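Take a look at the following structure, please.
Order as written gives the chain letters A, B, C and D; numbering starts at 1 within each chain.
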Amino acid sequence: MAKIDVSVETDDQPSPPPSHPNTCPSCHSHYRDDELERSLWVCEQCGHHFPMRARPRIASLVDPGSFTEEATDLHSEDPLGFFDLRPYTERLAEAEMKTGLADALVIGRAAIEGRQCELAVMDFAFMGGSMGSVVGEKLSRACDAAAEAGMPLIAVTSSGGARMQEGILALMQLPKTVAAVEDLHDSGNALLCVMAHPTTGGVLASFATLGDVVLAEPNALMSFAGPRVVQEITREKLPDDFGRAEQNLRYGQIDAIVPRPELRPTLSRLLRLFDAPE
Amino acid sequence: MAKIDVSVETDDQPSPPPSHPNTCPSCHSHYRDDELERSLWVCEQCGHHFPMRARPRIASLVDPGSFTEEATDLHSEDPLGFFDLRPYTERLAEAEMKTGLADALVIGRAAIEGRQCELAVMDFAFMGGSMGSVVGEKLSRACDAAAEAGMPLIAVTSSGGARMQEGILALMQLPKTVAAVEDLHDSGNALLCVMAHPTTGGVLASFATLGDVVLAEPNALMSFAGPRVVQEITREKLPDDFGRAEQNLRYGQIDAIVPRPELRPTLSRLLRLFDAPE
Amino acid sequence: MPPSEHELRLRERLGRLRSLPLLGGARISGELERLQRQIARIGEEATDEEIWRKVELARHDDRPYTLDYVERLLDDWFELHGDRALGDDGAMIAGLGKLEGRTVVLVGQQKGRDIHERASRRFGMPNPEGYRKAWHAMELADRHGFPVISLVDTPGAYPGVVAEQHGQGAAIARSQAVMARLTVPAVACVIGEGGSGGAIALALADRVLMQENAIYSVISPEGCAAILWRDAGQAKKAAAAFRPDAVHCLELGVVDEIVPEPHGGAHIDHDMAARLLGHALRESLAELDGIPGDDLRRRRRARFRSLGVFA
Amino acid sequence: MPPSEHELRLRERLGRLRSLPLLGGARISGELERLQRQIARIGEEATDEEIWRKVELARHDDRPYTLDYVERLLDDWFELHGDRALGDDGAMIAGLGKLEGRTVVLVGQQKGRDIHERASRRFGMPNPEGYRKAWHAMELADRHGFPVISLVDTPGAYPGVVAEQHGQGAAIARSQAVMARLTVPAVACVIGEGGSGGAIALALADRVLMQENAIYSVISPEGCAAILWRDAGQAKKAAAAFRPDAVHCLELGVVDEIVPEPHGGAHIDHDMAARLLGHALRESLAELDGIPGDDLRRRRRARFRSLGVFA
């Protein structure tokens, strides 16, 4: 039995990289940037959901001009002085350059079809959406902001898991976010989760699955252990939809699969149901 | 699809009757009454647990002389004027004659190895241990008695389910006993359940499975629907240990299988663990 | 039997009802009056033929099912799926919706309309996953202060090998326990077949309603007949013996109110049936408004703990 | 490196520790002192070799497992089986016992001693059923006011197809949520491998202890090496990079106290290891005595919410 742990896969790529990021890995249709943007990064031929960055995601969900970002000043430290192929600090700087984000989570206040909510949206492009101290802290603050303002928190996840480079402190972001969600629940406010491809490891094993309502995008991978690890340990042939949203729905793990174009109206409906303030 | 409901089997026989009640249906050893009494109605050859009546059961569990019976005066009414092959009132009278009991449940205060508890023991010989208004009321009172005295309630079950002859009021004994158990739990006191063969239908689907600790005797049948009904509806071949204690343990439904001779020391240990008063 | 004799027996029953312990506990005198009016409205006790007619109506292929009412009564319906453990049981519906502007959680068994759906919904007979889905939704309701509405329509819990392995009995017990703990208002209505444990799992509510042509019973007529006479064909005789009709359940205090159906039965006019049901649900919820959660829970438990007849 | 330099670095770290937000929240100054004493006792920071030695000791075949401690520390032990849903996971232990006369609920992963037991206990890697069993036992503890002790010893949650289908991630999350809600004292101790999510599922406690030669990490050294260098053989290098040893965890505020082991490691003397662990558990429980449940819960959440380093 291998001693390989399985909760973390921080590769930057959720799946084998396609020849070009604008080529659909499923049906090989190719799109221009503006076409993808118009279609919310959904392949118009086959429905494949391309990865969606945090800022366009927010823009696609909220009422224009309604988003006020919070905790923009938080940056990761390097508590371990971690060095693998490159120093962690260098990786952080590079990710910030590449994404224009301070870390893998953006939080803030927003309105959707006139209903207010707190919003927390992950960005896989920032170090594989991995959860370190900053993601944990921002998610916690988003819980508190929602609790204090008396409105639901909507979390859109996309993550390879805990951020290895922060070592055991990254693991501590699991109980940290769970504790924050429980504080939110005690305040009587809802957590609404939307899992985008992929939501794995430590994020799946903490706040992402604790939503009052749990949604997923079509074909999103939502497994605690990655397929590669499971394959390696069990030596079994994996089912075709291993860990995918469809399998999770069949096995009762989520409430609904919502295609991206329906996400905004669905969340709007949920905000009405959870009596979010207007 | 047959419209046959499945929660009730009030046959007086838990399994095909053996040639003689003192003959082991498993290994066909035959015992004298006094031999069975000495062995607590367990076959010394093969370990088969014969049915055990309520009074000897109580005597086998409690400290000598410590049992004080409660609610001895409760008798069933006949709210429906129910008549099948014979009037329900006649069946009741016959059962009382046969068993010396007023109904299928005996309750009272007792001590086990010096620790006090409330005790509720069913008797399958009284109309198949079926649960009507009297069983429901006595179980409820036992919950209250335990709550008031601040001690655990030990329930030993053996029942074919709800008592059909009391119609819908028999079904109402399920929520009635569940509500009573929740009152007991709110008082901070424990329910310890021991399921003897058979515990099926409405008793399984109410207080018997709500114990803080759930024990079963070896090979006890514990299924909501009887094997015959399941066979009839699904047309599948049933597994050999369908609904038996062993299957229930494997599937995580109970905490332990306790052979009858170990039951008294086990309950004594649990009373110590749940801080029953001395 | 001439109507006057029926009338007499009915009055006599009502008289008995007043003194029975089963009307003690949480019930208040104002309710007895409503009950009296209801009995008067229904008019007379059902004959054996009429009881059997109700069994047939309760099982009518065109009778509105849970989702038919959801569609007509709730805005912004959002269905919750899955038990967060093992599966998503099509025989059980759970979801959130707005009942006249107020968010409620609705749970209920769901029969299938066509052959395919009937199989996938297992004829409205839930597995343990179904009950787990329902209690998960009810716990959500409790967390957020949403009232719970449950619509009961099942021949019974599914009697399958795997259902037993996964703890069918315990699931039914636990579902009742969750309802016994709720601190939000809960209203149940038997809208078709209220079959045994599979039904009571969703019916430990503050108010239990029953549609005019629904049935509610400890065992199906066929099951009863099979046990008593070893002949499921004697179902009619069995039904006459234990009387699963709404009036009888009302008389026994098992249900609090009978919800009228369109003339001829709910299957004749789904829209009208939904309007009548919606009215009754809203009225019941209004009665429960403003009662503190602890009181609700205490009264709910007391209501069920008072049921039973003994000497 | 000469000891004096170690000493310096250690002092410097301790100094930093005092000002870091990760020591804010529930931690009080008395604890800093204890922490200081502990660091002084351990003496100096581990070298790469020493860290790897701890990884080996934490995984030592003869190291005492959960049931070895149960046997030595608890009277009247009664093991609870099953998750009341689906199965009884041998990789997880749950039960009731008396710790010096006081009833506690103990949960913990369990590795196997021989080949057969190793397979049946899946090398201490629980399935969702295991976590469900644990949280069922912890909810029992909460109902009855029994403190919870959890012993953490797992390479990680089991990475199986069926485990994923049954919601491994959600089970780990839910287990933490149950611990975050407890109103009874909870003390966790990492007694061997504290592997990632599989470990933290049982470690959201009021006090988190760690044995001297245990390891606690976000990922196994092999897993880390496989990702970083595509070579699991680089495990030693990986371990040196993220330092899963107890002193480092203590310095980061991730654990509150290091539990000493017999000289040479816990595997040398199970009885002595159990005595030392028992002492630490009782001391931690004593510190939590008398704190109202709501306060316990609030402080427990605050403790974990304070963990993390950012600017």
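Observations on the structure shown:
Operating definition for what follows: a contact is a pair of C-beta atoms (placed from the backbone, for glycine too) under 8 Å apart; a residue touches a chain by one contact, two chains touch by 3 or more.
Predicted, not measured: the structure shown is a model, and the values here were computed from it.
Among the remaining chains, the Cα-based centre furthest from that of chain D is the centre of C.
Set against one another, B-C and A-C show the most C-beta pairs in contact at B-C. Chain geometry summary: the mean Cα position of chain A and that of chain D are 28 Å apart.
Remark: chain A and chain B have CA centroids separated by 51 Å (rounded to whole angstrom). Per-chain CA centroids place chain A at a distance of 41 Å from chain C.
Of all residues in chain C, those touching 2 or more other chains are 84-86, 166-167, 170, 174, listed in ascending order. Annotation for chain B: residues touching 2 or more other chains are 251-253. Across the whole structure, chains are in contact as follows: A-C, A-D, B-C, B-D, C-D. Listing the residues of chain C that touch chain D in their complex gives 84-86, 128, 132, 166-167, 170, 174. The touching residues of chain D, when paired with chain B in their complex, are 76, 78-89, 96-98, 103, 129, 133, 140, 143-145. Chain contact summary for the complex, chain A toward chain C: residues 185, 188, 190, 212-213, 249-256, 266, 269-270, 272-275.
Across the complex, chain D is touched by residues 1-11, 74-77, 79-80, 82-85, 132-134, 136-137, 140, 162, 164, 166-176, 178-183, 200-202, 204-210, 222-225, 229-230, 233-234, 236, 238-239, 242-243, 247-248, 251-253 of chain A.
By the touch criterion stated above, chain C contacts chain B in their complex at residues 22, 59, 118, 123, 155-157, 159-161, 163-170, 172-174, 176-177, 180-181, 195-201, 203-204, 216-220, 222-224, 226-229, 232, 241-244, 248-249, 252, 254, 300-302, 304-305, 307-311.
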